[in-house]
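In what follows, structures are represented as structure tokens.
Shared chain: subunit A. Partners: subunit B in the first complex, subunit C in the second.
Now for the complex of A and B:
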């Protein structure tokens, strides 16, 4: 079991010794039982850190934000940042390192193993509680999650399988391989779903039905770009499928501005949204580490994880590639092997 | 700048006009934005056609030109040159391919016309965003590298030096000569192979312009056409060729015996040996793998007996870097392994031989001094069966292709056999006889008529040993009956395959291979000696099965290509190279990894393109998720415009 006191002590130590300028972690949420991200800059604040099944966010996003802030600042604070990272989050850090977004010494990964469980899916939990709001959610033993609700402080233990997020049910590496320190044990036998379970299930449907489903989803998309905003891999200065993010510098000519490419229009209709989502999925191939954040934040519940895990499944099955597993590895799209299964390339 | 684009639509006689309404295409395009000139013409590539291009540019003050015709691989240069004559920058002229990509692949005129219109319109929209570019001048190193010291490499090297060029000739084995050395006589004239090859080998050794590096291999390459840097690794030279006086005192004391490559395993040699009498360089050599550990404590006998002190066990491999402007790859062939021919007893019965082994039996320099006898019991074979297409023309089990030379060398083998064993009988199982070539058919006929060789049209199902004979179970499809022959010896005309190192060298040099593993030429008809990489040329059987005359011709052709290339002071490099859009680049290095030419590096956290190395292939564009890199005149804006034109 992870002892949260150890995490707090470690974070406090880093801040005290000035080894990091800040620590990204989780604290009790102000609105519900769900934890919220926080940035600690003082050792004394470390006591507010929590670790429970509601630590949903992928904090690697804030490393990206810090990097962008540094780039924009005239006097950037270049000291390292500490980050509390689950297995999936550490892989996100891994991909960012692989892509040279920052250097290994710029980040101190405070790894936490999800051990036998993971984080809950708020929707599953809400269904389980029949609409009542949880006031406290904690780990209970190796594969249980203990929940109490407002107005009734008795703790009910729910089998983790019933409320875990889909990605946690399919997780292959719950312990962060990339880390400066790990709290908790690496649990090999996690008897939930096979990897890519949901993507495989979705493949069992006919092509026509699949297209009908996705057409329905793309039709509902609001193009709020929440999925892009929450994704740590969507750090491009300009999003190729959103011409409003066109980068304008002092050197940008009027002609360049006039000639900026609109691969996809901003209007939220089915075809434009399809282009947006499919392009985004392709751009995440070999980069998505399945933190599930895009799907979690979608206001209209588009199952975005399916698109991304489908491509990760292809990457794994065809090229044995797993995003963020090895920071020394060349990225999927840019690497080539002689034993490539496609013969045309030789 | 106002767009003033001109369009020509070519009929190509009836090649295009039969399927595409070229007049309509020209008329429709005349209505497009920025198109101020649009006409059709029967043969654009003819002299009047080219003049029309020049006149149209001058008369209409054009700043963009699209020729809608055949593939740009054929006439892009023609029309770009014509554009220059009309004072339009060559790179503002583009080709729209409506022949190979449209007229030739469709039947319905209406549909094909619609498609031709879209293809041409896409090119118009593209050319309207083209930049005027100037070729990049690159200095040239007037030296060439030849990889492989068989007849192809030898011929290429000699031809190159005749033109005054310096040549580095790299050979993996201890001597040059290659497979041709192992042959006894050559078809169809039956002249002795070594007698015609050794003068050339001597010329190589005496030629001051050739740096011969045996027991060496290309380790890595960098640079580009005209300016390659090649790292060559040479095995440790334990025997100093300058000191070695070929006294042969060392071999009798060497305790190690291993199969002799030169005799294709029919005899053994010592760890210290000379490959054969006329070896070039003329020196003994020490086989590192076979030697007892190169440790004087374990053995050290050869060093003890060497009077002149030519042997030094402490020698280390060396790596040298050579600057060359062009490369000829002539890595040759190996025979398809006998171990694959289980049904014919290949690799199992000592008296089932491959073609090269039989050559060694016939050769006066072979183990038997030219007496044909069975390796198992040294008896003269009285009945001998040759099986053609062994491993060739069998896509299910072996190689799909025809190895081309086996029909001829099998006829030669049978003839030679009759010359050595006049009272013997030779049988040949064949599928077809392919004897195209000067004097080839007559040679095959002679083997049948004068030497009584029995040709059986059919395949062999099995060869097995019984009572000291090799029982050959075959079929004679012309007579419609099964055939059983009790043979004393069976010779398999094994397929030719690219030599063992070909895959490796192709990878190092970044030149392609075809589906069978042979080195790929840039164009099967029009660029048969060019590889897909500029400045690297192909010669000999590494490119495909061929006989000696063809190999020599191809080597000469490759040499002449190199001579032409290196005759200039400067090479013009295409300016359609990649360009980084700095503000978008995040320095993720994906393009650096993806670039097959090592043309991109990170400079101050951003990708930076070495224009001289860049071939404009666009691999970097494909991997950049940030759209931060473009190829000049094929920018993403232009691709977007082209897609819009086609989808509209």
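Now for the complex of A and C:
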């Protein structure tokens, strides 16, 4: 079992010795039974750190945010940042390193093994509770997630595999390979589901049915852009679906601004939302590490992870490529091998 | 008008509204949301609160203002003013109901928005009182509402277990009740007492406190330049969840969507916009007066608890708690106001 005290001590030590400017971690939230992200800057604050299956967020997003703040600052604080990272989160850090977004020495990865369990999927929980709110979610250490429902004093134990996130059921590496330290045992995955299980299931239906399903989902999209905003790989200063030019300098002419092509209109309708989601999926091919954040944050529960794992599966099956697994490896889209399929490359 | 409606007769009543578009909460894709129902048999009022608010019925995410095209070199505009059939919405929670008069103010005070009102005039809202809060983030009473508030509703239903107490509030509501008159029973003294008791109990559940509402505007004024905002928005991802789900957020963008560049055909469209997006306040120069997430969080909170109070003498928040519950990173408007008020 992960001993949260050890994580707190380690984080406090880093801050005390001034080895990092901050530590990204999880604390109890005021808003729900799920943990929320926190940024610690004082060793004393480390006592607020928590670790349990409600620590859903991929905090690598905040490494990107820090980098952007540094770029915008006249007096940037370039000291390293500590980050609490699950296996999947550490691979996000890995991709950012592969893409030279920052350097290895800029980040101290406080790895935590999910020990073959993983995190709870709030959507699955909501489905179990028919929309009611969980007021407490705990893991019994074996195979059950205990849930108390708000407004109802009873506690129910739900089999873990029924409420764990799909990515956790399919996890191939629960312990962070990229780390400065790892807490928790490197337990074998529990074999809940084989890798890419959900994507394979989705492929098993006819093309017409698949299109009908996605049309239904794209129709429901609110275009709140939470999926893009939460993704650590969506770090572009301006996005192809934005209607304005964000990178405006003194040298940007009026013509350039006026002539910006709107590839995607703001209207939340099937065609525009399809363009948005498919563009995002393609831009994440070979980069997505399956942290499932896009799907988690979606307020209307569009199963976005399926789009990304489908492409992750393609990358794996065609090029034996797994994003973020090896930071020395060139990224998928910037490299080729002689044995790659298709002949155009030769 | 007050009546009693048995659980079974609810469907019968819904079926009398067959010339209306009837919407009710439905649990689909693991979430409650409004959906159009075709028959009374489809109605299910066991919902918590819907993910989307009722603002969609009057302020849809996409509203076409007019169509344009070029005919023989002359621009031609075609009106697209909506003319919807009467729409009845069941299961509206009182917090959402209270959102509606606030939206009415926005779309009426200085300019009567014909698109909004074309839909609003045809809309009947049937509320369902909350017998107990659905979420620890409910705070309707802290912003002057109540779990059985009638404000903004045409009818208020209260679930008495085996039957509903149904109260017609507006003439529009009474008319909808009249249409199903055969489904209703007269209300007895004990029914009244039961409803009263349920209402009283519903108010007794603890809700998240906001303290003195009247003191908040001053606290916000004082803290305009406070470093607290940057701190509280430290983990904000700048998405549109809080505002898009909000029953009172009403900011929009207007764009021309050209469908055929050769004939110049297209539509002028109003879509939801959001103060948390970076382009919301961006100037053509590239300057952005709300350039960071802290100032954008402040904008959202100030709009609801300061500017709206200054302009319309009430908060633009009805305590539904969606922005708190659905925030992917735990940003919590009640906690924000607490910190600013300290």
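Basically, the second predicted complex is superposed on the first by the 311 of 346 C-alpha atoms of A that agree within 3 Å, B and C clash if a C-alpha of one lies under 4 Å from a C-alpha of the other, contacts with A are read in each partner's own complex, and residues count from 1 in each chain.
Note that in this section a residue touches a chain if its C-beta (ideal position, glycine included) is under 8 Å from a C-beta of that chain, and two chains touch if they have at least 3 such contacts.
These figures come from a predicted structure and were not determined experimentally.
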{"item": "Fit-or-clash call for subunit B and subunit C when the two complexes are aligned on subunit A", "value": "fit"}
{"item": "Which superposed partner A:283 touches (first subunit B, second subunit C, both, neither)", "value": "first"}
{"item": "First, second, both or neither for A:130, with subunit B first and subunit C second", "value": "second"}
{"item": "Contacts of A:249 with subunit B and subunit C, given as first, second, both or neither", "value": "both"}
{"item": "Partner chain in contact with A:225 - subunit B first, subunit C second, else both or neither", "value": "second"}
{"item": "First (subunit B), second (subunit C), both or neither touched by A:271", "value": "neither"}
{"item": "Partner chain(s) touched by A:150 [first = subunit B, second = subunit C, both, neither]", "value": "second"}
{"item": "Touching partner for A:41 - first (subunit B), second (subunit C), both, neither", "value": "neither"}
{"item": "Partner with the higher number of touched subunit A residues, subunit C or subunit B", "value": "C"}
{"item": "Subunit B versus subunit C as contact partner of A:261, first or second or both or neither", "value": "first"}
{"item": "Smallest distance from any CA atom of subunit C to any CA atom of subunit B, in Å, after fitting", "value": "6"}
{"item": "Subunit A residues contacted in one complex by subunit B, in the other by subunit C", "value": "249, 252"}
{"item": "Contacting residues of subunit B [partner subunit A, same complex]", "value": "129, 507, 512-513, 515, 583-584, 586-594, 602, 605, 622-623, 625-627, 636-637, 640"}
{"item": "Complex interface listing, subunit A residues touching subunit B", "value": "99-101, 235-238, 240, 247, 249, 251-252, 259, 261-263, 283, 330-331, 333-336, 338, 343, 346"}
{"item": "Complex contact set, residues of subunit C against subunit A", "value": "27, 29-33, 46-48, 51-52, 61-62, 132-137, 234-235, 237-241, 244-245, 253, 255, 257, 269, 271-272, 274, 277-279, 282, 284-286, 324-332, 334-335"}
{"item": "Subunit A - residues contacting subunit C, complex", "value": "29-32, 34, 36-39, 57, 61-62, 123-124, 126-127, 130-133, 135, 150-151, 220, 222-226, 228-230, 242-244, 246, 248-249, 252, 254, 257, 265-269, 293, 296-297, 299-302"}
